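Presented sequentially are two complexes of chain A, the first with chain B as partner and the second with chain C.
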Partner chain A sequence: MSATIAVPNPSVWDRVRTYSPSRRYLPVVATFALFIGMFGAGGIRYEGFTDPQVFLSLLLDNSFLIVLAVGMTFVILSGGIDLSVGSVVALSTMIAAKTLEMGWSPYLSMVTVLVVGTLLGTLMGLLIHYLDIQPFIATLAGLFLARGLTYLISTESIPITDATFTELAFASITLPGGYYTTWTVVVALATVVVAAAVLARTRFGRTVYAVGGNEASAMLMGLRVAAVKVGVYAISGFCAALGGLLFGLYTLSGYSLHAVGMELDAIAAVVIGGTLLTGGRGFVVGSLLGVLVLGTIQTFISFDGTLNSWWTRIVIGALLLVFVVVQRLMTRRQT
Partner chain B sequence: MTDTLDRAPAPERGAARPGLAGRLLGHQLLWPVLAIIVMLVIDVIANPSFLDVRIQDGHLYGNVIDIARNSAPVMLVALGMTLVIATRGIDLSVGAVAAIAAAVACTRIVESADEGAASATILASTTALAVCVLLGVWNGFLVSVLGIQPIIATLVLMVAGRGLAMLITDGQITTPTNDTFSNLASGFVLGLPIAFLIALGMVALTAVLTRRTALGMLIEAVGINPDASRLAGVRARTITWTVYVFGAVCAGLAGLIIAANTNSVNANSLGLWIELDAILAVVIGGTALTGGRFSLAGTVVGALLIATLVRTIPSIGIPSEANYLFKAFVVILVCLLQSPRARAALRVRGRRGAQPKAVAA
Partner chain C sequence: MTHTQEQVVTVRPEPSQQPVVEMRDISITFGTVSALDRVSMRLFPGEVHALMGENGAGKSTLIKALTGVYTIDAGTIVVGGEEHEFHTPAAAQAAGISTVYQEVNLVPNLTVAENMLLGREPRRFGAINVRAMNRRARQTLERLGLDVNPGSLLGDHPIAVQQLVAIARAVDVDARVVILDEPTSSLDADEVEKLFDVMRRLREHGVAIVFVSHFLDQIYEIADRMTILRNGRLVEERMVAETSQLELVRLMIGRELEVLERLDRDQRQAAVSSETPVLKAVGLSRKGSLEATDLTLYEGEVVGVAGLLGSGRTELARLLFGADTADHGELEVRSSRRRLRSPRHAIDRKMAFSSEDRKAEGVIGDLTVADNMLLALQASRGWLRPIPQATRARLVRDYIQALDIRPADPDALMRNLSGGNQQKVLLARWLITDPDVLILDEPTRGIDIGAKTQIQTLVADLAAKGMAVVFISAELEEVLRLSHRVVVMRDRRKIRELPNDDVSVSDVLEIIAGEARQTEEGTA
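Now for the complex of A and B:
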């Protein structure tokens, strides 16, 4: 009696045929499909839409939003929300413009911006964790605080004329094929890569998911809930400040009415990217795709020419609705 | 909860009944009212004639009247928000709803056959409020039927709403010329501003409906535990749905008043951040964001406090845009006062200080 039993050896084709992505990747895959579909539809409807430079401009015009969405992803994954990011962007552009006007070194100015943003985020995190203030309310205070500080520095728009800043803003990197991109895009994509690595590969990242999944359980497991809950707001504050610097490079000015409502775009991008708003599930890559989807809507409207800019907001709202409802139906089925 | 814990030990100390002073000190509105008084005192120091009220053409004029008039939009929005928060919800879309209501009303007035007629205003305002009812039904549907978290469900309309308002006004700043409409903001009845009277009227109506009937208790029951209240026979779904409709109608009224104030509607900026002001007013008034308890009087005081703050800042020589900074401190202060953990920390410190006295007694 030979013990050899013919084990059916699945061919490569069988594996491909029966492969279904893990459930947790489904939302990201859906967003990716949406992005490809929208881009394809644009390519069919409008001439020159599929030109790689259009895609590169998409990254360029949304680099600050990508960075904001990365920070927001951390906060939402941990089960919180950060309403202050738009105001922190405005504050960052203002601090950069003002300090440069006062003759500070551009590097010192950048460091100041990043430190202020991180400090503000940390402060909100401390309020949220140690004093049990709802994230919504604590970051609302942050929104008012940052906007108020911006107005206090100046109510007028201050142009950024520093040589290092303008050089950075206009320096383009030539890619093979005659295409070009800028350093802001590189910074934004680097942020995405670092954030993805932190979330997937470090203890901190795993604790973020654990806290978002169930904070009480995470606490009972002995995870460092306090460090993570304060940490995610510090990261979001840092990302908002970095996004503010990129926005300052994009507009070359500091103004107290910059980035009004940008926190909504960031939240929308994260949700469209498939991150669960109750926390615990989602990926940074999804948020990147979410920003790209938002950007594509805008590109669509600018290519079309007959559509008005307000359709952007309506379409974003509709997409948000679809994703929120689908999320709700999916989570309901599981419970 | 914490209030009852605070009050419980009082009789043991021998004070058979809390005196008037005791009741005043224990009242949750003590601090906000004191803050308003302090700000008014600062105003008077900065400008001795600040509190003067003069009568001109049979109307009252003065800074205090202005504060009352300017508090009307926030008071209206906060009124709706109070009930929404009492059911453990939140409505982020009120600013967008206000913009839509103003856009509908203004475009209807401009399009009507006789632009200056009073009937045009009545018709346009009714249409605008009807649209608000629909928007409220939409929010309520997402929250109560689909069971989406309120903050997310109303975020959808918050994002899309201003786009819709722009769609209605075609991206233009619409400026209706209609006396009846502008009277909504600047008119007077019995010497008092109409806007303030509308807001107070809505508050009174809501107070009667919620406190003279069981409705208020039912709303609080839903806020404490939706499932338990449903099992106890409360129509939780209908109540939740209704408060969102009410919130949208209040926001719509506020939008009309704001538009009437400038006789124009800019869909991008009308009612910007009013949802945050309204939430601030509600929180100042002692309504907990965790739901289950609400205070209409508190909301009125909260709205008045914000209006006083906005008026005080320029009068003491700080640029008026800096009011956001002060609002931030108010938010943090109020939250610290309400946060159980911060209160516990304070109480421990207070008890340590009080112990020697207790031993001596």
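Now for the complex of A and C:
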């Protein structure tokens, strides 16, 4: 090894001038660029597309998906997958609607939903870690179980009429400039911030990356692999329940056919956000951007009016393919 | 390896204290294979304890039995005076037993500092204090003489650096016991010396160190006491100072090693190198890994590549094989001037490359020994032309025998083989393809002395039959013993190429150092 020459501390300007994003952040930067590009293109094509309120509605319409994607990011980073989240959303709306109908306090109802979701997630995590069941299989079972439980409670849609819930759903927060948003958006963004901090700065978070990078090595390094592997599914379950509450606020109903296939949207958002499906690489912010990209496609279609809404699916499919291919090329270059 | 000849042998008296760790009559069986049979080992504070034995003797298994990776079938483990059995590596670590396992076990997608400190990183208000973590990592790395950015991703570094980081992780903690399972296998003399410095310091502080290495010189330089294993059984516990090298070898292999140095110069020189170039590289370069390099390989010739860690040895090999694509330069294989865009092309042109990073690039743990061996041959034939069953069986049997792979079972799962035996299988994988050009990057890493001579003999024989071999090794003696021509590398370029007539290790080191002096003068 050659000796180092002491380098004087570079000035701030030097640092700005020579800054180039680390390869690690490239996928997120790419997604960000894609989002800006799409938004810009929309602005050029359609009148009123770049109105900040459009962006705010984007967050509002996708707040539950953001929360789901956050939980999914934990799972995928650890090298797993969680297929149950869509069903857990439905189950959560149903539990909330049913308990409210039965006259429970709205707060107790919310806590119940969150506890049930977290427990379900924990259960799947335990199966996956201790019985060594493939995450795909374990969470597929969770998908059926949660959806089945939802039917068990009621096959009919139950409206949510509780005052606290409706107030929360309609209360808007006025922002400077006459724009407004809702509490659901605040919750979703807060989830993102907390998750990002946990992943970047806590031992738990870093161990999630370590497990996704190489589980056997992480074990030999003496890291708490079991806690992390169960923990990510618990977190995902919690996020799915929280997303379910937000979805319940959005639709003001509990229904067994809510959120069918939403797990796939969440996975798509995470992948488009640059997180590697094999685990170990990615950021929560990327997943947020992924959701926004998906939302923008939908906004495009609703602005256009002539396009069939199935175009959303086609574009998402194409985008997914492009991102996975790009990721593949990038990771291959590195080895 | 250069080691100080006047060995300062401090004869340590039988320590009066209690052992920190005592393993008594440990047995472990895997299925029907008995990997350890009533093996005992004692570790005293303030000693370097060498665990000796051939490939597959049970060294790594004994270590893993102690640290809770494997559960023991019988026997007792006493730690600090109390009977104690660990069930996870984390528990062993918490009890002050810090381990570097044989294969570098770190995570490539985290930073160097995180790999060193994860699990005990400095925190502030519950959050990891990245700045403090990087600072502490840098300090420990400096002690090991390693100049890497703690914030860089581990996976971006060569395997030797990763090995040093793993060592740094183990020695950074306040441990009572530090276990190093072949930590020096990919290190150069310089790094080994720095590691030994650190080990000596730990020893002075009363730490018990377990050290595994197939380099006897290293054992005699650093170790105080040793436990010798053979075939999963305890042979003897000995003081190093009271055991001669010859005796040690006899204890390890159970018989006299006939001719350790059978392969001497005469035999090597006997090989006829022809004038037909097989491979010709002109101005081969790749940004950040190798400056323009010329190299011509002739039939029947072994070209040794000498150079220190980071000199571009591995990079050269990868470019020759097309594992990395060159930015500039030309590569002629058998006078067809085609760009090698991928290893596939190289294989089609009858080249073979055994990579230094066996964990990442070679071993497929869930396949059998036979499948692992036949992988390259099958790939070169194309998947539509299966190798006839009889041929498969014969080839595999021959190579298991030629390289003395143990267990000699073609159907054993690769991941259950000891580290050294896995290395032999990888070597066989490429030898089986019967290539014209064979590029070997650290082929004898982690291989015991007996098998090493076998492999060297095999390489010399193959060259004598017309194969052109590029032989890369951190062990200069080995390079010099084997090669007809020596390429010396430094700072990612070739600085000298010379015929190997009585070139000595110090000659090579002088060339490398001389070049350093020149460049320094040049820049001054």
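Here is the rule we go by: the second predicted complex is superposed on the first by the 317 of 335 C-alpha atoms of A that agree within 3 Å, B and C clash if a C-alpha of one lies under 4 Å from a C-alpha of the other, contacts with A are read in each partner's own complex, and residues count from 1 in each chain.
The rule we apply is simple: contacts are C-beta pairs under 8 Å (C-beta built on N, C-alpha and C of every residue); 3 or more make two chains touch, one makes a residue touch a chain.
Because the structure is a prediction, the values reported are computed rather than measured.
By the touch criterion defined above, A:Ala266 reaches neither chain B nor chain C. Using the contact criterion defined above for the overlaid structures, shared-chain residue A:Leu277 touches chain B, although it does not reach chain C.
By the touch criterion stated above, A:Ala138 is placed in contact with chain B alone, chain C being left untouched. When both complexes are overlaid on chain A, the residue A:Arg147 reaches chain B alone and has no touch with chain C. Touched residues of chain A were counted for both chain B and chain C, and B has more of them.
In the superposed model, A:Ala210 lies in contact with chain C only, and not with chain B. In the superposition on chain A, contact of A:Leu114 is made with neither chain B nor chain C. Chain A makes touch with chain B in their complex at residues 81, 127, 130-134, 136-138, 140-145, 147-149, 151-152, 155, 256, 260, 264, 267-268, 271, 277-278, 308-314, 316-318, 320-321, 324-325, 328, 332.
Against chain A, the residues of chain C that register as touching in their complex are 69, 88-90, 92-94, 99, 101, 105-110, 114-115, 118-119, 121, 123, 126-128, 130, 145-147, 153, 155-156, 169, 309-310, 360. Residues 1-4, 24, 197, 201-203, 206-207, 209-210, 212-214, 216-224, 280-281, 334-335 of chain A touch chain C in their complex.
Within the complex, the chain B residues that touch chain A are 90, 142, 146-149, 151-153, 155-164, 166-167, 171, 267, 272, 276, 279-280, 283, 289, 319, 321-329, 331-332, 335-336, 339-342.
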